[in-house]
Structures are given as C-alpha cells and as structure tokens.
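Some structures are shown below for you to check.
In the two complexes that follow, subunit A is the common piece, with subunit B as its partner first and subunit C second.
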Partner chain A sequence: MFSIIKYTWIRLIRNKTNLFWVLLFPIALGGLFQAAFSNLSSLEEFSPIPTAVVCSGDESSPLLTAAAANPLLSVYRCSSEEALAMLEEQQVDGILTIGDSITLTVDPNRSSARLNQSILQVFTEQCSINAALIKEAPAAAPALAADADFRKEVCYGRRWQDPYTQYFYNLMAMACMFTALSGIYISLENQGNLTVLGARKNCASTNKLFCIIGELIAYIGFEVLLNIIAFLFLIFVYGVDMRARLPLSLLTILISSAAGVSMGFFIGSASRRSESIKIGSVTAITLLCCFFSGLMQGNMRMVVEQHAPFFNRINPAALIADSFYCLNMLESLRRYTVNILTLVLLSVLFCLGGFLLTRRKRYADL
Partner chain B sequence: MDAPIVKIDNLVKRYKELVALDHFHLEIQEGEIFGLLGPNGSGKTTTINCLLSLLTYDKGTVELFGRPMRPDSYDIKRQIGIVMQNIAVFNELTVYENIDYFCSLYVKEKALRKQYVQEAIAFAGLEEFTRFRPKKLSGGLLRRLNIACGIAHKPRLIILDEPTVAVDPQSRNRILEGIVKLQEAGATIIYTSHYMEEVEQICTRIAIMDKGKNIAIGTKEELKKMIKKSEIITIDLEKLPETDRKSILELPHVYQADFSDHRLTVLCSGGRHNLLRVLNYLQEQQFSIGHVYSKPPTLNDVFLEITGKELRD
Partner chain C sequence: MQIYNAFLKVARTRVTSILIYYVVFLIFAILSSQNTADDNRSRFEASSVPICIIDEDKSAASHALTEYLLSMHESVVLDSYEPETLLDNLYYGRIGYVLSIPEGFERALLAGQTKDLVTTSKMPDSTNGIFIDRQIDLYLRALSASVSSGASVPEAVSIVNTAVTQSPDVHTVSFEGQSAGEDSFMYYYFQYLSYVLLVMLLEGLSPVLIRFRQKDLRSRIACSSMKPFVQKVQLGLGCMTYSLAIWLSFILPSFLIFGAQQILSKNGLLCLINSAVFTLVATALTLFIGTFSIPGHALNMISNIIGLGMGFLCGVFVPQQFLGDTVLSASRFLPAYWYVRITNMLGGLSEEAFSIDTYRLCIGIELLFFFALFAMYLASSRFHRRSPD
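After this line comes the complex of A and B, so read on.
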C-alpha cells in the first residue's frame, strides 16, 4: 500500500495537467475575480455630499450641529453669496440655510446631482420635523440631532462580508470538483479492459480492491493538499475574506476533494469510452454543477433554490459553495453540517458505485 | 514426464460471431521456451489473456502449476510475469521507479525488492537510464523497460506477447538473448510472435496457430518433418529446356522442379546429397551455372503447406 501511495503521489506531482486544473487555474481565476470585483466594491462606496451651510440665525442651533456631524454631508460653512457661487460652480450639490427653520437650495438643472439632491431633501425634511419637536421639547434636542444619521449598516448574518465573496466560494467549489479529472485515472488504470496498464495490474498478485483503495487515498490526499494551497493563496495573497472558522474550511476542502475524486472514479468506471471522452464528460458535468451553484451567474443558486431546490441539495458544487457561505456568514452550523454530511454520503455512494463497476475481474473483451 | 506447468484444455472463446479460440489444447512443461506462432488474428493474444484470467471464455479449462487459474488466484499470479504487446509503463515515473512500482505489486519486502529491481535493470541493460522517464527512451529501450517491469519479481512462468514489435535489430538480439538467459535461470517462457525467425531461434517447442486452432505442435525439427519438403534448391541458369526439367524431376527425392525467370527451383523430400545430384546432372548437360542456394524448409513453409497461405498473409 505504501509504495502504491508513494508512486501515485510522484506521478501526480509530475502531472502538469492536474497541477494546472486543480492549483493554477483556480489561483489564476481567483486573480481575475479579485481584479474585477475589487473595482465593483469601490464603486459602491458612498462619498459625502458637498453641501454649503449658511447660518441665518442662532450660531448655536442644534440643526447646525446636526448638519456638521452628519457623515452623509461634507459641510462648507459660508455666507449666502459664497454658497450661491459654489452652487453655480458645482462645488456643492445644495445649500442648507439654517435659521429658525431649515431650507434647501439646489440647482434644478443639474441632473447629475439628482440623487444627492434627494438625500439633501430628505435630510432637510427630517431636520424640519426635528426642529418643530425641539421647539416643543428642547430636552430632546441632543437625541434628535444624533438621529439625523440616516445611514445604517444592517448585517443579517454572522458578520458583514463583501457580497462578491460568494464567487470565491464557487471558485473553491470548482477547484474541488476539478479533482474529478484525476479520479478518472483510478478507474482507467485499474480496469484491464480500459488500458494496458490496467491489464498489467490485473495480472499482478495484489488484490485489485487494495490497489484502488491505495490510489484513492493517494489521489484524495494530493488533491486536498493542492486545494488547501489554492485556498490559502486566495486568503493570504489575494486577501479574500474567507478565513472565518479556518479548521472547518479545511475540513470542507478535505471532504469536497474526496467527493470530487470519487465522482471522477465513478464516472470513469461507468463506461468503456475513451479517456478523452471521459475527461470531456467530467469537465462538462463539473462546469454544469458549478454553473448551477453560481460560478458564472451569481444568483443562479437562488434561482435553482426557487424552482428545483432538491438539485441544490445534491449538487456537489452548490453544497461546497454553500458550506463556505455557512462558515463565513451564519452563526449556526446546522446547515453546514447537513451540507458536509451530504457530501460525505455522495462520496461514499460514488466510491461504492465505482467499486461495483470495477469489481469485474474477467472481461468479455479487451 | 512431469505435470505440465500450463495446461489448456478444449478452450473456446467467441467474440459474438467470431470464434477466436476453437477447442484449443496446449500443454507446456517447466523449463521450456514455448513459442506460439501464428499470423495476426490467429488467437495468440486471446490465448494469453484467457491464460491470465483476464478474459472470460465460453468453454474449457485453464490450469497453471497444476491448479485451476482464476482471477483471484493470487498465489499463482505471484509466479507469473507478463510482458504485454503494448508498452505498459507510467510516463511520469523514471525507469527505476517503474520497475520498482510493478515489482511492489508482487514483492512486499523492501530490501528484497531493491535487489530484484537492480537485477532487472542489469538484465535489461538499463543501468545508464535508471533516472530517465519513458518519453526519453528509444523504442528498443522502452521495450526493454517493458520487459524489466514484467520479470523483476522473478516469476517462474514468463509470458512475452510479441515483445520485439517495432524494435531495432540490436535491441531485438539483446531481448532474445535475455529470454534464453531467463530460461537458463529456471524460468518457463511462453513467447508469442509472428516472426518465425525469432521463434525458430529461441523456442524449444512451437505451436503453430491459425483461426484459433493449434494446427501443429512440436520442436522445430518435428514441425519440419511434418511436411513433405525437406530441402529447397535454387540455381540460376541461362536456360533450361523442358526435357531437362523433366529429367531433374526424375532424380531421387525430387518432387517438384520449376524454371522461371532464369531460376530453377527444386523441392526435395528427404534424402541426402540432393544438391550434388542436381548439380552433377546440370554439369553433365553442360549448362552454365550461376548462383546456387540450398536451404532447409522454414516454419513459414510448414505453415504454407498446412494452411495453404503464408504466415504473414
């Protein structure tokens, strides 16, 4: 068993195709994702609205304090003439005149500042209501001033995370699924009717099942290692925010790689087709699973969840991506545990299917 | 006589309508180099695959070392070495690693295996190439690696299925010499080929196969005695009148005499001094004699006479 594992590892290390698909391709694709999505995230950042504030009354008005303290606004205190000049030169998007009441002046012809003008309008209306309340109950002034901040970040999960991180969950799912490509060779190289190597091994005095188990251990171990390297690369080099519950993430990679390798072993054993047809089939199945888990279209998993939820429960790529999501986003590990147990079950079924299909020891034709 | 090391009895193998082995019988004694000779498609490789329990068969029995051969006969498999017709090595492993890997499928003890691998490398003459990967090896070296992988575990029975296909003459000679050495070291060899010269050169007994049947079996001398032809005489002549051709045909042991393209071909069945008698006649008739050839019949002649077709048809 040791020499089977040792030489399988040596072969895998020297197999550049496997290294490319399982290690380099996810890293390269991760780099592209990172380059593309980091720009998208920066576009979503909110810039404070340049606003001129003209005081036409009491300098100690709580409305002045509220405007200055509001993070939505970038306030320039000035006279009304200066404010109008700044508005004309488009240095500010609006003028707040604060006295007994608060009024907003905007340029109605500036369509590019329409959103900011709307926000200023809402702010003005809120301040007017607050000013009326302060008149009636001056003691409420500090609390009302603090409430003037409309921006509030709401986190529905365990913590806040960039929504584009889901693409990296899917990327890891794809990397784990691509291990199926190497799993094909376990069947090819142990079936006497598929390759000459298989025939030679079938003639040897080592039990066939023993050979297959040894190779499964070696393949899974090696692919896990490659996937862990790719995963750590995404986290520590690209800075992808997936480091929550790291030990469980590594467990996910272990089980996902086992599912991938065993799926390849099963598909490889299922027919007598040529090596290239089997590789093509596994690639197509893998990419299809990844497509439905949302690798190419972010909301695809949600679409599947609405129309065919059972598919999400058995699609290995969806289960892997969802497991990473659960680890990073959800407090409870219940859904994660169900996903992982399903992946384990799939691996066992694939292995059993592969064993049953390869257990034949004599062939009708070679 | 000892019990045969290989015994195939009444073996029938069909591929749908095609009968690949037709009630095939074979017995091989320990220590033989047994040649399975036949044209492509005659059933040699099918015989080997049935022998190794790789193929199912429709009828018959296969016994190795006095016991029925089954797919899980691992104790029997331990004593068999197989060299496939096609190269069966891992391209990612070096020469040493390939031999060690295949040896490890038979020999678990590491120290013993190391010794066996070194001996196999020396046997195949691959000492200078142990760190090479298969893609860097020439066709001949690759064949030798294929053989080394099959024999490293020191099997008692070695099956070589056309091991010299597409090999240069130098490597071919080395392989043939190696096979004889293996036999001298105590192994029994089954050697399949459609190259009659190789089979004649090394095999102690030969079975000639055609259409899944064993059509003749014996030593090369025994096989040649099975046919009428024992000597073929060829003489280059300017001309030969028909009367002289008929006179030659009447010489003792001559059963056929043909003249065409300035060449006289005389076939003799047994007897001695046939060439001398023919030459004496031609000299007496004062013919101008060119090149003269005399050769015993080949296995191809045996095959031709039994089946009516050439071995390489």
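After this line comes the complex of A and C, so read on.
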C-alpha cells in the first residue's frame, strides 16, 4: 500500500502542468474575485447623500437648519438653476426646495440613486409630519425634538460578514469539487481499454481493490495539500475574511476534497466511455452544482432553498460553501456537523459505488 | 477539403461531451437570466425593500407601524423565525431588514418609554437598512409624540396617518429619453451568453484543436502535399463551422423562449449581431489557446479562469455600474466588457442611454480584439510549428 501511495505521489508531483493549474485555479480566480468585489462592499455601505438645497423663502427657516444638521445629507446650498444642473450631471441625488414647506425633486431615470432618493423622501416626510403634528397638537413639539433610541440592533449570528465573502466560499467549493477530475484518473488508470497504465495494472498481480484504495488515499492527500495551500493563500495574501475556526476550515477542505475525488472516481467507473466524456460529465456536474450553490449568483442558494430545499442538502458544492458559512457566521456548529457528515456519507457512497462498478472488470471484459 | 473533413471527424468523436456541456450551459443561461430579471424587477420598484416583521404585540400601535412599513415595502413570510433562518435570509439577500415588535410594545409606548421599543436587524451600514431605520424612527417618534400630548393610541395613529398622507409628492425631472428595460429577461439571456459561448468554445473546441497539434496527426498533415496556407484555411473553416453551430444552438432556443417578434425586433437584432461578433472573438481566443498542447484536466481550469474571471470583471455576473473605476479601467482591455456594455445599453440595465455610435464603437472594439487574437494565433502556431517537439 505504501509503495502505491508513494509512486502515485511521485507521478502527481512530476505532472508539472497539472500541478500548476490545479494550484493556480483558486488563486487566480480568487484574485479576480477580489478585484471585482473591491468596490462592492463600499457601495453597500451608506455614505451621506449629496443633496442640493434651494431656499425659496426665509433664510432663517428651521427646515434649512434641519437639512444642514442632518448627518444623512451632504448639503450643497445653491440656486434652482445650479441645482438642476447638478442633478443633470449626477453630482446630487435630489433637490430640496425649502420655503414655507419642503419639496423634493429627483431624476426618475437614475436607478442607482433610487434608494438615496427614497431616504430624501423620508426626510421631507419627516419635516412635513412634524409640521402637521405641531399644528394639530402643539404639546407634541418637545417629544418630536427629543432624542430617542427606539430601536435595538441585534445580530443573529457570531458576527456580521461582508456578503461577498460567500463567493469565496463557493470558490473553495468549486476547487474542492474540481478534485473530481483527478478522481476520474483513478478509474481511467485502472481501465485497460482506456490507458496503457490501466492495461499494465490489469496484468499485475496486485489486488485491484488494494491498488485503488492506495491511489484514492494518494490523490486525496495530494489534492487536500493543494487546496489547503490555495485556501491559506486566499486568507493570508488576499486577506479574505475566512479565518474563523481555522482548524475546522482545514477539516472541511479535507472532507470536501475527499468527496470530490470519490465523486470523480465514481463517475469515471460508471461507464466505459472515453476520457473526454468523463471529463465533460464531471465538469458539467461541477459547474451545475456550483451554479446552484451561488458561485455565479449569490442569491441562488436561497432560491434553491425556497423551491427545492432537499437539493441544498445533497448538493456537495452547497454543502461545502454552507460549511464555511456556518464556521464564519453561526455560533452553533450543529448545521456544520450535519453538512460534514453528509459529505462524509456522500464520499463513502461514491467510493463504495466506484468499488462495485470496477469490481470484476478484467481486461478481457472491457 | 481533407483537413476540414478530418476536423469534423474529430469534433464528431466529442459530440457526447459537447452535448453534456450544451445542456448544462443552456440550463445555466435560462435560469440565470430569469433569476436576475426577477431580482431586478423587484429592485427597481421605488426602493421597496423585502422586510420581515415579527409582531408579538399584536396591538393597535404595532399594527399601525406594520401597515405603515408594508405600504412601501414587500413583506416576506418565512417558514421559521429562528435566528439562524433570519440570518441566512439576511445574508443571502432574500430579506433586507428584520423588525421584531416585542410583547408590551404598546404598553411601553403609552408609559412614555421610548428606549429599545423594537428590535431590528440588518446588514451593517446597508443603505436599505438605514432607509428603513429612518422610517421606523419617523413613525415611532410621531406616534410617541402624539401619545405624550395626551392622545389615545387610536387617536395618535389617526393623527400620524393623516400627517403621512398629507406629505408632499416628489417632483420628478427627466434629462434624457432613456427607456428602462420592460422585459429584461432577453437582455440578461444575451448577457450570460458571453460567458456561456466563451466556456463552451474553450471546453469544446480547444480539445479538437489540441488533437491537431499532437505529433502524429501534425506530422501526417505536414508530410502531405497540401500547402500550409490551405491547411490553415481548412482548419479555420472547420472552427467557423463549429462556432456557428454552437452560436445557432443557443440562438435558436432564444426564438422559442422570447418569440420571433422580440428577437427580430431592432434591439433583438442588435443583440444577435453583438453575440455573433463575440462568438468570433471567442473562436479566435480558442484558436490561440489551442496552439498550446494543454492536457484536458488543465484546459478545464484555464477555461473556467478565463470564463468566470471575465464574467466577474466585465459585468456579466456583477452589474458594471457596481464595479470600481479601477476594475472597469482594467476590464476595458477584455472583450466581454464591450459586449456587456451593449446589452446593458440596449436593455436599459445601466444608466447609459442607447446610442448607435456607442454601439458601433463597442462592436468595432470587439472586432479589434478578434483581429488581435487571430494574429496572436497565427504567430503562436508559426512559433510552435518551428519549435522542436
């Protein structure tokens, strides 16, 4: 067994092209993700709304003071012509015209400023409601002016995390799933009609099961090592926020890579078709699983959860990405344990299926 | 046409794996565009935020607050209100805000207690969340002020609601005749097609080309009497046939999905031309990559790095308007950026108004990418022909 593992490792290490691309894949894509998402978090964060304020009446109006003092607004005092020009050039998101009352003017075509326009609308509503209430019930004035903290903010998890980190969870899931491509070679290299090495092994006296187990261990160990290097590169070089419970994250990579390799082994053993068909099948399955776990669209996991929750419980990519999510976001490890146990179960089923499919397939049968 | 025939023969041997890719990518293109179109349709409605309200008080005051918020926002009902479920839905963007009104809310309001009347949760610093925070503050402040002035809860609710309805309307001013996409599904389909075509050609066509670079077949062709130029032309024709077949295989279903009327409309035809030009670029890129003898395993990695990388950097998966200036400056050096810019412009998915000059510019730049990549392919194949095996 030891010599099988040793020589499989030597073969894998000597395949420099393969080694390079397997290692480069998550690192390169991680870099591209990092570049693409660099601006997104800051876009989600709130910054004061650029607002043009036009005074059409008394310069000492309390509404003008209220607008200037509001921390949500970044106020530019100007004339109505200047304000319209600023709105057209998208320098401001809205114009507040303050006289006896307050009015808001916005450009309805600016979809990106829609939310800021709505916040400005809330501000005008607030001014108008306050004025109406003071008119209706003057005794309410002190309470309207008083500071009050009506809301208590809570976080339902361990901490808040940038929602774009989920793309890195999915990237790691994809890297682990792509280890299935290596798994295919275990079956190919044991099929005499497809590879020379397979033909050689079919003639050898070594027990086939023994040989396959040795190769599975070697492949899993090799892929785990590469994925761990890529993972550490993501968190320590790119600074991706996935450091929580690091030992458990490494365990996730170990189990996920094992699930990937065993899935490839199973798909490879399932048919006697050519290498290209097996690679095509694995790539297609991996891409589809990653698509449904949210690699291309972040909300896809919730869409699946709404319409076909069971698929999220058996989709290996969703299980891997969710395991990273649980480690980083949730206090409890219950869901993480269920995910990991499901991945272990899938790995065992894939391995058993692969063993059964390769069993008694001798050179003469192929 | 022996090389052309040989090309088709090799391609035919890979037809099963190509069909697998085709089915997967067609599912991907349809589901992605449908999902994004649905997502955007709800996002464009005057800042209506999906909100989850857990009312444990069930009093007149809590009903009034709930009704006020739901008059503007979309209520999301979940199967469970466990903290884990709420966190999942907040993190993955199904809901933008959680408001929990505890039991005793109305009693506290009547007693003049204003601190921590309700519990809220949102993604930190999210603009959506701050928007709703302000609305809750506005309503509760008005309600508590009315109650403190001596009004009963139903009276206070009535006063506040009257004041809310009397708020001034928002004036709008338009500067350019920009039409927002009424049905953006088709445009998103064409947008995702850039990723699909690229990966489909890289995964499907590259192995065929790499087969022609392998020593046995290359030596057999080299020792024939056929001129190298004719060989290249025939190989190029084979690639064109293959690319045309792939392009048609995604365009024909679009007629079934969106109807001939929409596809053959002006915008539909402009999208078709754009996708055809992009197919040329993807073919040239595939030809270039095909000059290197890359094993199948690595080819998968390369095609995914190129496909997903371009998808994220050029605005296929993330809208271009959300990408930073630096990223956009860099992505201008990638063909998918110009492709996506056209679909965004045609579908009203960005703030850029449609202009035929910009359309021509983008198509022109895509064609320049095609010529540049084709030149790189010729140079690389010449270099590889001279290099020892």
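Throughout what follows, the second predicted complex is superposed on the first by the 243 of 366 C-alpha atoms of A that agree within 3 Å, B and C clash if a C-alpha of one lies under 4 Å from a C-alpha of the other, contacts with A are read in each partner's own complex, and residues count from 1 in each chain.
Going forward, a contact is a pair of C-beta atoms (placed from the backbone, for glycine too) under 8 Å apart; a residue touches a chain by one contact, two chains touch by 3 or more.
Being a predicted model, the structure only gives us computed values, none of them experimental.
When the two structures are aligned on the shared chain, A:N207 is found in touch with subunit B, with no touch to subunit C. Taking subunit A as the reference, the larger set of touched residues comes from C, when subunit B and subunit C are compared. By the touch criterion defined above, A:G192 lies against subunit B but remains apart from subunit C after alignment on the C-alpha atoms of chain A. Within subunit A, not a single residue is touched by subunit B in the first complex and by subunit C in the second.
In the complex of the two chains, the subunit A residues touching subunit B come out as 3-4, 7, 10-12, 14-15, 192, 195-197, 199-207, 211, 361-366.
Of all residues in subunit C, only 13-14, 16-18, 20-21, 23-24, 27-28, 31-32, 35-36, 39, 44, 46-47, 83-84, 86-94, 98, 114-128, 130-131, 133-138, 140-142, 144-146, 148-151, 159-160, 162-164, 166-168, 170-176, 178, 180, 195, 203, 207, 294-298, 300-302, 304-305, 308-309, 311-313, 317-318, 321-327, 330, 351 touch subunit A in the complex they form.
Residues of subunit B that touch subunit A in their complex: 15, 49, 52-56, 71-72, 74-75, 77-78, 80, 82, 84, 86-90, 92-93, 97, 100-102, 104-106, 149-150. Those residues of subunit A lying in contact with subunit C across their complex are 17-18, 20-22, 24-25, 28-29, 32-33, 35-40, 43-46, 72, 84, 87-88, 101-112, 114-119, 121-126, 128-130, 132-133, 136-141, 143-144, 146, 148-157, 160-161, 163, 166, 174, 178, 181-182, 185, 273-277, 279-281, 283-284, 287-288, 291, 294-303, 305-306, 325, 329-330, 332, 335.
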